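Two complexes are shown next, each including subunit A; its partner changes from subunit B in the first to subunit C in the second.
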Partner chain A sequence: MATLELRHLTKKFGDFTAVDDMDLTVAEGEMIALLGGSGCGKTTTLRMIAGFTEPFSGAVVVDGKDLRSVPPYRRNISIFFQNYALFPHMTVFENVAFGLKLQKLPKAEIRERVESILSLVKLVGLDRRYPRELSGGQQQRVALARALVTRPAILLLDEPLSNLDAKLRVEMQVEIKRIQKELGITTIIVTHDHEEAVSLADRVIVMNAGRIQQIGTPQEIFDRPVSPFVADFMGFSTFLHGVAGREENGLLPVACGSRTLLVRTDGRTDLAPGDACVLTIRSENIALAQETGENVVTGQVRSATYKGHTTRLEVSGCFEEPVYPAISEYAECKEGDTVSLYFPPERICVYKSTIGG
Partner chain B sequence: MRDGRVNWLCTLVAILVMLFLIAPLIVIVLASFTPTALVTFPPQGFSLKWYANIFGSSTHFMDGLVKSLQIGILATLLDVLLGVTAALSICRYDFRGKNLLLNYFTSPMYVPSVAFAFVLLQVYSQLGGVPGMARIFIGHFIIILPYVVRNTVSVLHVFNWTLEDAATSLGANPVQVFFKITIPLAKPGILAGAMLAFLYSFDEVALSSLLSTPRFITLPIRIMNYMELTFDPTLAAISTLLMCASLALIVLLERFVGLDMFMK
Partner chain C sequence: MERKKQALLLALPASLALLVCFIGPMVYILIRTLAENGTADFAAFFSDPFYLDILWTTLRVSLISTAVSLVLGYPTAYYMARTPSRLKQAMVIVILFPFLVSAVVRSYGWMVILGTNGLLNQLLMGLGIIAEPLKILNTEAAVIIGMIHLLIPYMILSLVGVLQSIDPNVEYAAYSLGASPMTTFTKVIFPLSTPGIISGCVLVFTMSMTSYVTPKLLGGSKFRMMATMVVQEINVSFDWGAASAISYILLAVILAVQVAVVLITGKYMKRMGGGKNA
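Now for the complex of A and B:
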């Protein structure tokens, strides 16, 4: 267990800046998710923490100690790789015991620790198998056991669940969270899946082009993304352009085409009347309206996609841009129907328009 | 279910091809036991005298065997050191001209051995006084290097280098990573390359015959010289022994490396 600090961490590959002046403090036992698209610098950050890649500038600090001169094999930082990287010429037992044997622990202790970690990841009885004889989920748990058994100060998980099918992924999310809390180990998980990030982490960091876009609890990031980019990344799909009016009673009127939506801002907005702005709202927060009123607009259903527990609609005619509500009443909406939609003022996020944004 | 039934014509062709491959070997093995002074088939009677003749001093076969083994083992060991190092640096690092370097290391394969021997002879005569063993060793050392490099590269080409990072993060220093992860996983390619290289050297005729001196003659050249003077079943006997030795080597290697190492 340890605290981790990144101080102005920067990595350049030639002219390309992969990680740009990254600052972060991770508390003991905390689980942080680095979330971002491919090439956003999240894996490079992980490799710098592990010591496989040298930073261009800045520092990785663990428990107050700068790791600059510590080689990767003395850092006591375990890393879990996307492709598991199990040693194919070793059995499950040998894979898990690898780190302990290097520490020259007595044989009895190695056996005891391997067995206890294998029971933690529910792999008892498979210790003599070779990795190729295991299923994907089992291999993944071997990799997790191998990373945990050395009792690392910090655990790094690089896209741990991306190779698994949907059902196994949900199971492993629960498993990883349980083990991480049980051992209280400081953990950083890298992922491109926002659902994985919010369901696993205590805090989520959204990265883009080597920079941190937002740090916050899953709730904060999910409900109040700080920019249209973060919103887009967190699965917001309805984006509307408009012009701000004057805030009154905590409600900001925004003119979107010929219609006006009220947004609850409670004085927190930096928008002046007349500013161009972008509105966004989660699909699940748009509701079907029975009667007309404030923030109720009508439009035509262009398409309806059945998603199981919800139906996702594409509705045009409300604004210049189409809106994408996700509703639970499937039977009432078909293509070509006219629907009334309600946009709850407290659920709408508003941002100042940036050039090109 | 048509896949379950094998076409009789295919079976027949397969059997004929296999017979074609193995028949000469069977003839040689059987002929080696003949008591007659000429190779006859089918053999009339049974005798081991031609086998005894191999070990007789007049053939110099034992002397040739020792020299062939010396050259083969020494050249293979040094080539494994050099070839594996070359293969590792070509596969691990990304640098300009790595393909060029790989082709450079495998180029001895494409040079006709007679032309190569001619060049070496020129060099030796310029230097003067190069001992017999060195003359053949240098030739073999160069000509078998491609087998080690190619086979090692073919394994390292699909090597998952993340395994080295994984071992490092578990506390293995670079030396431990090399001997516990990289070498064990590259072993099938290294051993296969070493075996091919050794067998090539052991069997090599063209280069050795041009480079050998009267005092340093390898086994294949001894056999060739013997064949020019005498054509008796001793040749069948030593051929049989050499085949058995090769077979034993391959079986041993398969035991130790295991075919499954190639099938991951």
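Now for the complex of A and C:
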């Protein structure tokens, strides 16, 4: 258990800056998700924390101590790899006991701790198997047990669930969260999957091109992404270009083509009248409207895709860009239908247009 | 089943050639030897300290060459396995380069270097490190040096393949669990590279046991190994019986060593996943 701080952490590979001036403070027992696409610098950050690669500048600080001169094997930071990286020549027991044996603990204590962690990850009775004799999910839990058993100050999880099928993934999400809370280990999880990030982490950090785009609780990031990039990454798919008007009573009118949408800004906007802007809204927040009114527009359904819990529509004709509402699976909408859609003002996010964006 | 038959058919030409040109003559020689002298030639070998000494020399030279090749080759192989691909390709070419020159030519090269007035002695005397020239050429040391030079590429290439197949994350995982680089090597890398160590050692050992040119050219007239002895029995003593007994004993020793290696390591390799790297 420890606090982790990254101070102006920067990593360069030649001319390429993989991680750019990253600042972050992680509280004791907190679980943080680094979320971003490939090449955003999230894995490089993880490797710098673990000590596998040296920062170009800046520092990794654990409990107030700069780790610059501490080699990876003295950091007490465990890492879990996407491909598990189990020792293939060792049994489950030997894999898990590896770190404890290096700590020169008494045999009885090693056995006891290995057994208790194996029961925590529900692998009792498999301790004499070799990794290749286990299923993917079992191997993953061995890797997790191996990383946890040494009671590390910090646990790093690199894409922990990406190799699993959907059912196992949900199970493991619950497991990882439970174990992490039970042991109270400060944890950093690296992932490209926003669902994984929001379901596991206390705070999510969205990264792009080596920089932090947004830090916040999963809900904050889902409700108020700070930029169209973050919104896009969190699965927002409806993006509209418009021109801002003058805010009145906390509502900002934005002209999108021939229609105007009201956005609840409550004086927090930096948009001046006439500024070009981008609007976005989560698919689930667009509702079917029964009657006309403010923020209700009509359009034609171009496609309807059944998604299980919802039906996802592509609707054109409302604005220049298509919109993508996700509606109840029971609402009967099919291709070619005309629908009225309601955009709740408090659910719309508005951003100043950047040039070309 | 159909595929199996096809595969058998594909293996047929090489198998036939081997049977007719190699196994057939081998069996013929054995039968002829046994028919002419019974087991006398074999008995003579094992009762004569002269021959036993040659067998021992052959084993000793081969074991030392294999061990030194492993020790020298391992770091090189590890470096190659963890190097970006372009540099690795260049290194493979450099390592294969000596194969373009025959063992005979390379042995003559070593004669120039190791001789009494050779480059090495001139250098050492020029630097004032030694007063009298060292006698290296025509000794066992010269044979071992030449042998290592000849065989180390086989060791390196065997090791590179296996080391490359070890996931670098496994190393990182060991570090993160508190293993120093040395512990990571002894507990993880080295055990995982056993298949490459075994195949490299068996290869180098076998080639060294059967070598002829190197001991002949670098060992001098009084230095004898099993293969040079076979030639000597045929060309000098005209004793075909002794020659065939020596070649069979050599074959038996090599086979025995290989079988022993497989038996000792087989269980271990199986544990690691059916020795799929071997």
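By our rule, the second predicted complex is superposed on the first by the 354 of 357 C-alpha atoms of A that agree within 3 Å, B and C clash if a C-alpha of one lies under 4 Å from a C-alpha of the other, contacts with A are read in each partner's own complex, and residues count from 1 in each chain.
What we mean here is this: a contact is a pair of C-beta atoms (placed from the backbone, for glycine too) under 8 Å apart; a residue touches a chain by one contact, two chains touch by 3 or more.
Note that the structure is predicted; figures quoted are calculated from it, not measured.
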Subunit B and subunit C placed together on subunit A: clash or fit? clash
After the superposition on A, what does A:Ile189 contact: first (subunit B), second (subunit C), both or neither?
neither
- prompt: Counting only touches as set out at the top, which of subunit B and subunit C does A:Leu4 meet: first, second, both, neither?
  reply: neither
Q.
Touch test for A:Met207: subunit B only (first), subunit C only (second), both, or neither?
A. neither
Checklist entry - After superposition on the shared chain, which partner residues are touched by A:Thr150: those of subunit B (first), subunit C (second), both, or neither? => result both
(request) State whether A:Ser78 touches subunit B only (first), subunit C only (second), both chains, or neither. (result) both
After superposition on chain A, the subunit A residues reached by both subunit B and subunit C are 50, 52, 71-79, 81, 83, 85-89, 98-99, 102-103, 132, 146-147, 150
Seen from subunit A, its contact residues with subunit C in the complex are 50-52, 71-79, 81, 83, 85-89, 98-99, 102-103, 130, 132, 146-147, 150, 156
Given the complex, residues on subunit A that touch subunit B span 50, 52, 71-79, 81, 83, 85-89, 98-99, 102-103, 132, 146-147, 150
Within the complex, subunit A is touched by subunit C residues 167, 169-170, 172-181, 183-184, 187-188, 191-192, 271-273
Listed in rising order, subunit B residues that touch subunit A in their complex are 160, 162-163, 165-174, 176, 180-181, 184-185, 261, 264
